[in-house]
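Note sheet for the following structure.
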Amino acid sequence: MEDSRLVLSPSPHVRDEDTTQKIMLTVVAALIPVWAAATYFFGFNSIRLVFVSIIAAVGSEAVFLALRRKPVTVWDGSALVTGMLLGLSLPPTLPTWMAVLGSFVAIVIGKQVFGGLGANPFNPALVGRAVLAASFTSQMTAWTMPFTDAVTSATPLVSGQASYAELFFGTVPGSLGETSALAILLGGVLLFYRGILDYRIPVGFIGTTAILSFVFGQDVVYQLLSGSLLFGAVFMATDMVTSPITPVGRWVFGVGCGLVLVVIRFWGSLPEGLTYSILVMNAFTPLINRWTRPRIYGQVVKQV
Amino acid sequence: MYNSLVALASMGGLGIILSVGLVIAAKKFSVEVDERIEEIEIALPGVNCGACGFAGCRSLAEAIAEGKAPINGCPVGGIAVAEKIAEIMGADSGNAPERKVAQVLCRGGCAEAAQRAEYDGPNDCRIMNTTQGGDKGCTYGCLGGGTCVEVCPFNAMYMDENGLPVVIEEKCTGCGKCVEACPRDIIILTGEEYGVHIRCRSLAPGKEVRQVCKVGCIACRRCEKECPCDAITVTNNLAEIDYDKCTVCRRCVAVCPVHTIEEQDGKPEIKAKKAG
Amino acid sequence: MNKMIKDFLRGLWDEHPTFRIMIGMCPTLAVTTAAINGFGMAVATTFVLVCSSILISVLKKVIPGGVRIPAYIIVIATFVTTVDYIMQAFTPDLHESLGVFIPLIVVNCIILGRAEAYASKMPVVWSAFDALGMGLGFTWGLTLIGSIRELLGSGTVFGFSIMPDGFTPIAILTSPPGAFITLGVLLALMNVVSSKISEKIKAKQQRAAN
Amino acid sequence: MVNLKNFRGGVHPEYNKHITSDKPIKVLPAPKEVVIPLAQHAGAPAEPLVKKGDSVLLGQEIGSSAEPISAAVHTSVSGTVLAVEPRPSINGREVLSVVIENDGQDAKAPMTGHDDPIQLPREEIRKRIEAAGIVGLGGAAFPTAAKLSPPRGCKIEYLLINGSECEPYLTADQKLMEEYTEDVVLGAKLLAKACGAEKTIIAIEANKPEALRKMKALAGSNAIEVVALAVKYPAGGEKQLIKAVLNREVPAHGLPAQCGALVHNVGTAWAAAKACRHGQPLIERVITVTGDGVKAPANYLVRIGTPFRDIIAAAGGFAGEPGKVIAGGPMMGLAQFDLNVPIVKGVSGILVLSDKVANEFDPMPCIKCARCVDVCPVYLMPVTIEKYAMNAMWDEAEDYGAMDCIECGCCTYICPSKRALLSWIRLAKTEIVEAHSRHSS
Amino acid sequence: MEYLLLFIGTVIVNNFVLVQFLGICPFIGVSKQVSTSIGMGIATTFVMVMAALASWLIQHFILVPLGLEYLQTLSFILVIAALVQLVEMFLHKSIPGLYRAMGIFLPLITTNCAVLGLALNAVLRDYNLGESLVYGFGAGVGFTLALIMIAGIREELEFADIPKPLKGAAIALITAGLLSLAFSGFAGMI
Amino acid sequence: MKESVRMVVVLTVIAMASGFILAQVYHWTYPTIQRNRAQALAGSILAVLPGAVEFNVIEAHPAGGLEDDPTTLRSKPGSDSDPLLLYQGLDGNGNPVGFAFVSEGAGYGGIVKIMVGVGQTDRLISGVAILEHAETPNLGSKIEDESFRSQFVGKGIDDPIALGQDIDKISGATVSSRAVAEAVSRDLGSALQAYKEAANQ
């Protein structure tokens, strides 16, 4: 009793069980149904692209950190998530080396140059995707029908030809992970129940898109189910690092994403604006945080 | 040729209008300002490129005059401009004050000082200090969290293997940030030529000091007796040195039984000057 | 003489307009989609820079302080317009691709900056050398950026195919985002290089001292 | 469980109350030697009234102060004063303390009681509470008498008796409510009378059904309302309690009285009852000794000034290698390094955590998950304040409400990156206060 | 409606900084703090509207009638510079509050590409007076938007552990690149 | 005061000198610049009109005016004051071989300006040249490729020019392709009409 030195530390003395790593692995788990669906529809390409993206992302992170002589913290799982999401956001026929380049850009330009985990202003996976889209536009817009390797001209968003059921189950051309609304919702529910997903962003995002689609006389359900809206709203807009931390801010963020998405979809020259809608709102995140500070308990007027 | 003359005339007209306008405006809207700002502004390149991070040359000039920006704040002007500004500013600020250097007045690192607990929390001395006073046996000594190193804007400090901060004297500018940050108040600023320091701040009685630290001042008064210039006095269980009186004869260093007094490895010529 | 050479060299590295002082960024980013554009732009800028430095240095006694900036602007704008028309006449294609950025040389901070900081105070020859140094610094900077962007973004340099046949150009490098990112990365590389160099110099000095 | 009173924010740590919730309160024999610090309350320390060698009677006043915010200190044993000297106390500093050797006689100093204290005039109740040296037993140890005189212009409408005991592990308040129900209710009535409250509400977390039942049974006949709180830390925080029960907010940097409320802990009520009925000063309290690091967790009635060492020994000693010994609960308690420190008025438990439970984690980079923002019961942005504090940007930290932090620790508890948010916020608070005092001087 | 489209187009689709590469120096130089950026942005917007007006007047009442289009660059920059200086002096003397908030940025704006580029572009595209003013206003707002956004990000980056060689301008440029990438989604819209 | 006068004088003198010098430069380079422009124009006209060696300019004011194109902001053709310029190509013998006109469409990076040539007798498109564009290099810029442009040759006013069916678009550059297709079809009718009117006179 005399000899043992006691531990001295500031309160609180107990901590919640959740860790960054657990959160990231849960996201991976939530992506498994999506990946499974992608593999079912697009076959080997799904396995090839996602694997390659993951390996390139984690590898780039490890190499960069090693070069900086920093602890190689790849086990936190964030690069894994980035790689997986990037892989799932690619069209099935993309050449392997492009996926590698995209993952490299995502991790290095999108994340590590800003100081690594938690410091990146933009969603790394989307940075990777956007760079690929801007560099290899034709390869990034080459879609295939599920179960075939036949290149088709357009996704349902452009062609406007798919039934709700097809869209819901995912038997339509599109990026690997975006086609099956069912699988995405499954993952989303898991994230929500694990308390990882803040409902405000997806609800704001999807809700705004739905309302504006209705206002502009579009087929609301079709707009929601086609394209990568669901995938992005559930897995990418909700990236905590690049979305606001205030409750009101997360509404603003979600609604803003929806607004930009609709503007690009309906008036832009790109068929799908998801990547850009989230990236644009990422850029606003610091400002949103600053201007949506919660009212402190006991304060009467909201501070600006 | 006709067109050339039209060009000449219209540009001339424009020139007259604008220059007259500016001259009148300069008279009419002249505002009293700090002369130095004006002078610095003239010394600056005046391109208002914003490379300095300020809103144009005038803002930088104001910032320099108010001491909010360094004299070499303009990257465009380079060294030449910096020198000129130094002249302008220097003329005003008189002789450069004596260069000060930070001194860490504690020698009780991991090897010398006892621990009373295992600290497990943020590595910041200020937080350690408010967490039950920290894990160190001595409640006066260095906590070893390296907050001083952290706050030093000039990278002039590092933590040694023994868990004590070390000041790199060439780099230290005497800004005093570390002094402010240290929760134990064991860093002081001295003139750089002072050569002997009593590196302990403990006011505890000798007996208690012995229990917690091998190199803490036990107030034995030997240094006080040994000092030929009455530079050392022991009050409140702690020897203190009057730097003005000290001639760096180093006799106290030799007699201190616990090696609390330490000679600063300063520049040889300064030591010689002081000794001679 | 020695100092003059030093002043001249300053613009090439220590006070490099693009990589160190970071001025004249707009043309640096906008026209460097191809090496030739960057080179052409830089040469035009250098021409204006040298000429206006010389003229301003000549006129420095005549121009009263109160109107010096407008006066310099007139001098510079005159040279810029001259270059603009000469290029339009003799290198119409290049003029076409540089577009509005030729007249914008007027507001390139390098020129007014040099005029203010150097030419208005120094003898003519010195000013010319200083301006030339800065101009050449700008030239190699822009040519380098242009070459990199052209090489990776189109597979060519100065219009010559360099990359192997299977090469797929990375189009983003020729687009606005690519311009920013390329320059950012290049800047970081420059920082690495120059810190390596200064480390070497330091080590050498230390060895010499010991 | 309909209509539980709730508030926004807060966390759900492992409560671990089962360890001691069925252990009745045992009276711990007085130790051989007590160490009674003269500063165990908020406000000015008491001045010693005794010196070395004096002999003292149980309950005799040994320290007092003329300062408006302070409290009298009494001895919890009879015997001889061994020393009046600085001794380590639970806050890690040495505090002037009176060390008394227990003669085992428990010879009582004269005490004046009243059989039906509720008949006492309002001012008299307050005086007796003051004379008894009663301070808040909920943790803050703020002198109760001072709280009972609301500032001018404020009318106390509601007295809330805080029986929530939201700190994990601790069961002292719960057992007190179960076993001393009558005293607590009487105390509540006395406090209500003393502060002039129109209505008294006793608030208890829903996870203490027995206490709720007993309290309801007794309180109903006394026109006191008993409400059940949703089980969530920090339901017992004053501001959260007021928000949950009354749906009012204490003005920022203001007092509860400004929104017509006053909050007192059940232990305080119990002490007030004893002071008025028996004239007994505050010399003992109920504490919980618990955690996986002690062999026999229990609830004890202990004398103020009993060293931790003796209490832990009574609870069977350490089970295995101890990691942390905490004065208080796991969320707000103070880790101790010296077992000679004594129990003081504000300590409601000793929690001993074994080495493995006590392990801290290395902080990882913040992933901006905003959980800290979501759980902060005063709606701060802890992550932002932490960021400013780590970069010594105290003005910005203040602007983001650092001074409003109640130091509940929810943010630090929930952070998946294991960041020490509260430590940095506390640092910011200290620095801000310092800057202000520097500014005003 | 046409004016609105022109405005939105200038603010977002053809953003001066992110797409057209005009005014990059202040965009990199004065974007370290949001508060400064707001002042700078407002001042720039003001100067741009003024420049649009002045250059339109010069073009249509002096240069075109006299056949002096080749003096465009010279006369525009001269008049803009002089006007800004006048306004600055006026503010400094008469409205010191406004001067402190905005006037201090004025000299910085005179000699940047965005303003002259605006004047030249407006003439090049043959805008009428109304269009010119909307164009100037839109360009200013677009500049402000880009400036505030990057300033918000850069304020956050102050706290990040950025690799040393990338600190400062390099990371600012990369951030600007990603910002520009985000905005490239609007390209081709108007 | 003297200083002020000096300031005014110096600035005025410099401004005058500058004006004068620039006038000289302008007059010196003007002919060359004009020649360049003419050559470029001629080059593209002759390129879209096989067999032509020179051309005439016809200023046409088509009866109904040109339709306004709401899809673009910057182009405002068809305002009545602006004539539609038709370039009549002549062969070595001075016989007309067709005519060419300039049209434009909204592309991805901005306006795409093209020259369309129409045969004299068959009234079918004889060639399309891209004058100006700001499309993405290697993507939209493929509209300059011969393989893309040649698809328009042989189409007439009655032929549908629907992208994706009649004209293969450049993959990944729908917007750019559409810009050209629209530019071709937009003014073709009015140009033909105008040319007929002009020929009848």
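Going by the order they are written in, the chains are A, B, C, D, E and F; count residues from 1 in each one.
Note that a residue touches a chain if its C-beta (ideal position, glycine included) is under 8 Å from a C-beta of that chain, and two chains touch if they have at least 3 such contacts.
Everything numeric in this text was worked out from a predicted model, so none of it was measured.
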item: Intersection of the contact lists for subunit A and subunit F; value: B, C, E
item: For subunit F, the least number of touch steps when starting out from subunit C; value: 1
item: Chain located farthest away, centre of subunit B as origin (C-alpha); value: F
item: More contacts between chains, B-F or E-F; value: B-F
item: Centre distance in Å when subunit D and subunit E are each reduced to the mean of their C-alpha atoms; value: 60
item: CA centroid of subunit A to CA centroid of subunit C, Å; value: 41
item: Approximate Å spacing (C-alpha centroids) for the pair subunit B, subunit D; value: 44
item: Distance from the mean Cα position of subunit E to that of subunit A, given in whole angstrom; value: 34
item: Residue numbers of subunit A (touch at least two other chains); value: 5-10, 109, 113, 116, 119, 131, 134, 137, 269
item: Touching two or more other chains - residue numbers and ranges from subunit F; value: 4, 7, 11, 14-15, 18-19, 22-23, 25-26, 108, 136, 139, 175
item: Residues within subunit D bordering two or more other chains; value: 334-337, 358, 360, 420, 423, 426
item: Footprint of subunit E on subunit B - complex, ascending; value: 3, 6-7, 10-11, 14, 18, 21-22, 25-26, 28-31, 47-59
item: Footprint of subunit A on subunit D - complex, ascending; value: 11, 13-14, 168, 239, 243, 249-254, 309, 312, 317-318, 321-326, 330-337, 339, 351, 353, 355, 357-358, 360-361, 364-370, 373-374, 377-381, 383-384, 400-401, 404, 407, 409, 412-418, 420, 422-423, 426
item: Parts of subunit E lying in touch with subunit B, wherever the complex brings them together; value: 25-26, 29-30, 32, 36, 39-40, 62, 66-68, 71, 74-75, 78-79, 82, 85-86, 89-90, 92-94, 104-108, 110-111
item: Interfacial residue positions of subunit F with respect to subunit B in the complex; value: 4, 7-8, 11-20, 22-24, 27
item: Interfacial residue positions of subunit A with respect to subunit B in the complex; value: 5-10
